[in-house]
Structure formats: structure tokens, C-alpha cells
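Scrolling down, you'll hit the structures one after another.
Same chain, two partners: chain A is paired with chain B first, then with chain C.
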Partner chain A sequence: MFDLATVFEFTRDTVIFTVGITAVLASLGVILCSSPIYCALYLISHMICLALLFLLYNAEFLAAVQIIVYAGAVMILFLFIIALLGGQKEAQEHTFERSIAFTFIFTLLGELYLSATVGPTKQVEGKIAPELFGTAKAIGLELYSKHLVAFELASALLLVAAVGVICLAKFSFAPLKRR
Partner chain B sequence: MGQEFVLLISASVFCVGACGFIIRKNPLIMFMSVELMLNSVNFLLIAYSSFLNSLDGQIFALIIMTVAAAEVVVGLAIILTIFRTRHEMDVDHINALKG
Partner chain C sequence: MDWITEFLDELWDFIVQSLADNIPLIVGSVKAVVIAVAVMSVVPFLVWLERRLMGRFQVRLGPNRVGPFGFGQPMADTIKLLFKESIIQTSADKFLFHLAPAVVVFTAIVAFAVIPFGAPFEIFGQNIELWGANINSGILFVFAISGMGIYGMVIAGLSSNNKYSLMGGLRSSAQMISYELTLGLSALSIILLTGSLSLVDMVKAQETVPFILIQPLAFLLFFIAGVAETNRAPFDLPEAEQELVAGFHTEYTGMKFAMFFMGEYINMVTMSALVTLLFLGGWNSYGIPVWPIVSFAAKVVFLLCVFIWLRSTFPRIRYDRLMTFGWKVLLPLCLLNLLITGTIKVM
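What follows is the complex of A and B.
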């Protein structure tokens, strides 16, 4: 009675819809919570939702990288900094500038929605074998053959960032005097 | 799920991130909003690399993740240095560079 492919497609669509809505709600939680620790927790749940979406769109290597690098390393760094500085709540006041910001953001959102729904994009036939798509092997083959310069530049960027952070952390600066 | 849904999700998350960057005053949460924006673009690149059956989008997303990691590390170090000298975290009060 039920075609298996139809049931599979329906299940996949439902999961993508649910996880996508959850990702948007978690991102709203990031900017609406007043305590930074809750913001960090919402951001972790947003990262995990995005990793699930990456998996559903055939990017298993990048889903693993997302979990390890973002939800692991970067968010642990954020949590350490919050624990070090103390998570003070910030007072939310409503000013004129803030309503200007909301107007700007809603205009941007409306423009993006309009441009997203205006018409279909053209399908292009790629040449990656479907069983290899998104695996670490395919990413590595592509990265080390076609995109070698970007890879080397990224490694140089990471080195520069590491040296910069050591310089920032090692040399202590005298406190600034207020005028 | 069609391409419009991906575009709508990505646009929503990007706008939420931009809104958070504008309205929040804690520099940590501003950095989290920048992460939101970068992540929404990553999601769009990966979804379209799946739609178009080409791996270039995934490579681009990988490079963006590298840049974001470097940016977060340097930014948090700067926030820490400012906090060591000023003992407060409000971007409206950090005006020593103001002309």
C-alpha cells in the first residue's frame, strides 16, 4: 500500500522541518536570554541542530567537524571565558536606536524571504559519485587537489591567530587612565 | 524538503544573528551572534552543495569554520585583555579609542 521511497521521503522531510524550526528557535534563545551561560547553552543546541541538518544534506564529514570544532572546542572556550569573567545579566532597555535596529532587521528579513521564494534555481549536474558524496575521502581528494591554496592559507591563518593570542595573553598592559 | 525551506531557515537564522549583534551589549553574546550568522551561511553552502551535487560548497564551509575558529580565539583574547584592564563588560563603555 505504502511505497517505501515515499515513506522515506516523507520521514526525511518531517525530520528536516522539525530540526530546522528547532535551530531557528534555539538561535532566538541565544539573543533573547539575559544570562550569558544560557545563551551559550542555546548556541550549543543550535550547533547540534545544524550538525543534524548537515547529516541530512549528505555532509557527514562536516557534521562531525561541526560537532567537534563548534559544539566542542569553541563553545568550551566560550564557557571558560564566561566562567572566568562571571556571567552578569545585562539590563535590557528599550531605546529609539533599538527600534531602528528592529526596523532594519525586519526589512532585511522581508527582502531575504522575497528573494528566496521568487523562483527555482537551476539544477546543475555534478560529477561526484553519490556513494562518495560528503565523506572524508571525497573532501580530502577535493581539498588536496583543487583547493590546495585555500587549505595552505587557512593553515597560515591559524598560525597567525595562535601567535596573536599568545602575544595578547603574555604581555600585560598597563591599565588605561580615563580622561 | 525544497530549496525554499533551506533558504528561509538560513535567512531567519542570519537575521536573528544580525539582530543579536545590534541589540546586545555583552561582547560575548555579540560574538555568539556572529557565530550564528556564519553558521547560517555554512548551512546554506552545504545544502546547496547537496542540491547541485558538487563538493565546492562543503570545502567553502570548511574554510569558513577555520576562519570562524581563528576569529573567536582572537576575539575572546581581546575581550579578556579589555576585562583585565577595565573590569567591566559593556561595549558602550569601551570608548578609549573614540576620537
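What follows is the complex of A and C.
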């Protein structure tokens, strides 16, 4: 009548489903909420849900990195800027941009329909030793052997972006004198 | 009525059988409860220790009236805080105002889940490991969760609708981002040495020599960044009393106010435990015949005393100097240390 494996499997499926639904709801909250603080918080909860999904599929390292980089570093900067500028609610207006946004949403929905009808998602073919699965070592081996050039190019691109931002935002006033 | 008793019998058999089959599950649950309760109940003791030690450092007595050595003081304070009225100002965002202290305490307790505090031992034929979870990227997990703890302070600052709170929240986010880099990079040199992200492996690698002797610079950088990450003096800019009233928790009263302090003290314990695991050899006692857990606890308590010692010794650092110090002194030193460690490791 009762079977422990079934109970575990059912619980696991339920948890995965709940986390997935929460992620979708949170991402809806990001675009539907009018207060910037709540938008940022919805985005953070979406990131956390993604990390939980990684964790549920045994990718511990990816989950930790997802939280450190996106939920930890990027989103704290978002909140920092919101706090600096003041988190007033936006006034809702019907403008040309709004109609463009609706068109965009319907295009996206169409794409979603297309991708759903094309076929179910397929497993990625690959050879990873089971004891390496989800560890930092597996990712490192893949990243620094197969994709080394792309990885280095991406890092150069990020460096250029960082230097560019500093050039654009260069202070026009004299910095504080050290005493 | 037969089918009910039958059903209950079957259910009972199932429960007994599944409990017998899943002893690791039960052990895990017990450990989780023990860790959470222990971590939370250590906070009043720490407050007492801090007040007593600070008193001694400042050539006064400290609280000594309630009970022996003033031990009753933390209990009296806890009861007082529990019964105090909780005031929320009308212009505050109520949901976020309630959320902030919960985030702080939750993240502080969860971060402690992967801290190993003793060698595994056998009892009733079961191998009991003295850690909540040994995940293979344990140190990253601690950094990730303690990074989430910043949100508690930022949300508190944003939701209070108070300029001092807002300034405190802004400062805490800027400070945390800056010093997290130093923290991560100095831990990276230890990861390079051990070749593992697991905290248990790091302790095992220090069986003969603690890493503080091999990596003194990394230890210093990690400890400074750790003090800054836990918002302790001399880096307590987010709650600088003389400038910002009380920083991000200005508007909080009663137990919610106390929850911020619980978070801060638990983070202090976690940071001390992390320094112990990474640099002081964890539960290895290097020839002194004590239980592993006693050795670990002694190191953590010593580091906690150092935290309090720092607070009563150094004046608060100015804000622009804090940033200069973090970005222009600590970070280059970290990178240099990492470069040298990497070079030696390769050669």
C-alpha cells in the first residue's frame, strides 16, 4: 500500500514543480509590479528559485555560483541604485511605448507556443563521470579545456566594458583631499 | 471497524519500517534541530561575554548584579525584549519591515548548517558526523548564504522610510560588496592549497600544520574582511551610533530589534568558525590531548574574544577610508597573495 520510494519520488516531483511555478510567478511579478523595490525583490526570488532548481538536479556548484553572482552581487547593486534614486512608484500611462510592449509580449507568447509545439526538451549527450557530476571540477575541466578561447574572450569583453563604464562616468569634480 | 484497525496497523508498520530504513534521515533531522537551537541560544551568552569583557577592557565592572557573575542579565534582557511593544511607523512599508529581520536571522542560521565542528565518531553502530551537511562546495555555500544576509539590512533601510535607516542600508550594501571580494579571494588561496571546496577536506589537509603558518597574509586579510562582513567595530559603519542614530535598525523595537542582533552575533560565530576551519586547523589539536570538538570550540571562543577585543581597541574608520582601504590595499594584496600561491603550487 505504501512504498517509500514512491513517496520520495512524489515529494521530489512536487518540490520541483512548486519551485518552478514560483519562479514563473516571481518573473511575472518583476514585469507587472509598479514599485521598483518590489520588482527587484521579485527578481531576487526568481534567482533563488533558479538556484533551487539547480540544487534539485544535483548541480551544487552551479547553485552556489548562481546565488553568489546573480542574487548576491548583481541584485544588491540594483537595490543600491534603487535606494539611491528613491523607490517611488511609477505612474501608469497609456503611451506608444506601452503598445509596443504589448506587441512584444504577444510575440514572446507566440514563440513560447512554437517552442512548446516543436517538441519536448531533450537530454544533452555527454560523458561526465557520475562522481564528478555537478562539482566545480567538472565545470572547470569543461571550461578550461574545450571552451578556453571563448572563455578568455568573454573575460576580455567584460574588462573592456568595465573600463568603458569608468570612462563614461568619470568624475568631473575634484576628489576629496586626504588629510 | 476492521478496515480502520487494519489501515492503522499497516500505517504503523510502514512508519516503523521507514524509520528503521532511514536512520540517516532521523540523524540529519536531529542534527538540524540541535544546530539551530544551539546557535540561537548561544547569542545571550555572547552578549553577556561582550559586555563583561568590554567592561574589563574599559576598566569597569560590567553587568554583575543579576545572578552569579551577572549571568542572569542576558536572560532578563531576553525576556524584556520578548515582552516589549513592537512599534511600526505608519509611513513604513509593513511587509518589507517585517521581512527584513526574518531574512537576517534565517540566513545566519542556514549558513551555519555546513560548518563541521568535530571529527566523525561511532555511536550505537552509527557513524555520526558532526556537521549538518557535507556538500562538496561547502565554502561557496557559506559565502552565498551570508551574501543573502545583506538583503535583510538593505530591506530594513529601504522599508523604514527614515533617512538614517536608508543611509545605513546603503552603507551596508556598499561595504559588504567591497569586502566580500577580499573574503572570497583570500579563501581562494586556501582552496588552491587543498584543491577542494569542501570544509571537511580543508580541515583534513591541516592535520600536520595549520594553514595560518603557510598563509599568514591570507589569514590576516580574511580576518579583516570577516570583521567588516559581520559589521563589527571598527567597520560598523552601517550602524554608526554617532552619525546615524542606529543605522538600518533605527526604527525597530522589541524582538525585531533583537533579531538583528541575533543575526549579527550568529554571523560572528560563523565567521570565527570559518577562520578556525580555514586557517587554525579546525578540530585538529596538534598534540594537546583534548576532544576534537573541545579544540574547535576553544579556537572559536578565542576568536570571538578577539572580535570583542578589536571593538574596544579601535576607533571607527571613516567611510571614504573604509572604501579606500578595501579597494586599494586589501584587494591588491589579496591578488598578489593569490599569484604567489598559484606560482608556488604550479612549480
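A few notes on this one:
To be clear about the criterion, the second predicted complex is superposed on the first by the 137 of 179 C-alpha atoms of A that agree within 3 Å, B and C clash if a C-alpha of one lies under 4 Å from a C-alpha of the other, contacts with A are read in each partner's own complex, and residues count from 1 in each chain.
Rule of thumb we're sticking to: a contact is a pair of C-beta atoms (placed from the backbone, for glycine too) under 8 Å apart; a residue touches a chain by one contact, two chains touch by 3 or more.
Just so we're clear, the structure is a prediction, and the values are computed from it rather than from any experiment.
Look at A:Ala136: by the touch rule set out above, it reaches chain C but stays clear of chain B. Once the two complexes are laid over each other on the shared chain, residue contacts for A:Ile44 go to chain C alone; chain B is not touched. Taking chain B and chain C in turn and counting the residues of chain A each one touches, the greater count comes from B. Using the contact criterion defined above for the overlaid structures, shared-chain residue A:Phe78 touches chain B, although it does not reach chain C. Contacts of A:Val65 after superposition: both chain B and chain C are touched. Of the two partner chains placed by superposition, only chain B is touched by A:His147; chain C is not. Where the contact sets of chain A with chain B and with chain C meet, they give residues 61, 65, 73, 77, 82, 84, 176. For chain B in complex with chain A, the residues that touch the partner chain are 1, 3-9, 11-20, 22-26, 28-29, 31-33, 35-36, 39, 42-43, 46-47, 49-56, 58-59, 61-63, 65-74, 76-81, 83-86, 89-90, 96. Put simply, chain C touches chain A in their complex at residues 10-11, 14, 18, 21-22, 93, 96, 135-137, 140-141, 143-145, 147-148, 150-151, 154-155, 157-159, 166, 169-170, 173-174, 176-177, 180, 197, 320. Across the interface of their complex, chain B is touched by residues 12-13, 16-17, 20, 23-24, 27-28, 30-31, 36, 39-40, 43, 46-47, 50, 53-54, 57-59, 61-62, 65-66, 69-70, 73-74, 77-78, 81-82, 84-85, 88, 90, 98, 101-102, 104-105, 108-109, 112-113, 116-117, 120-121, 123-128, 130, 133-134, 138-139, 142-143, 146-147, 150-151, 154, 157-158, 160-162, 164-165, 168-169, 172-176, 178 of chain A. Against chain C, in their complex, chain A makes its touches with residues 1-2, 4, 37, 41, 44, 48, 60-61, 64-65, 67-68, 71-73, 76-77, 79-80, 82-84, 87, 135-136, 176.
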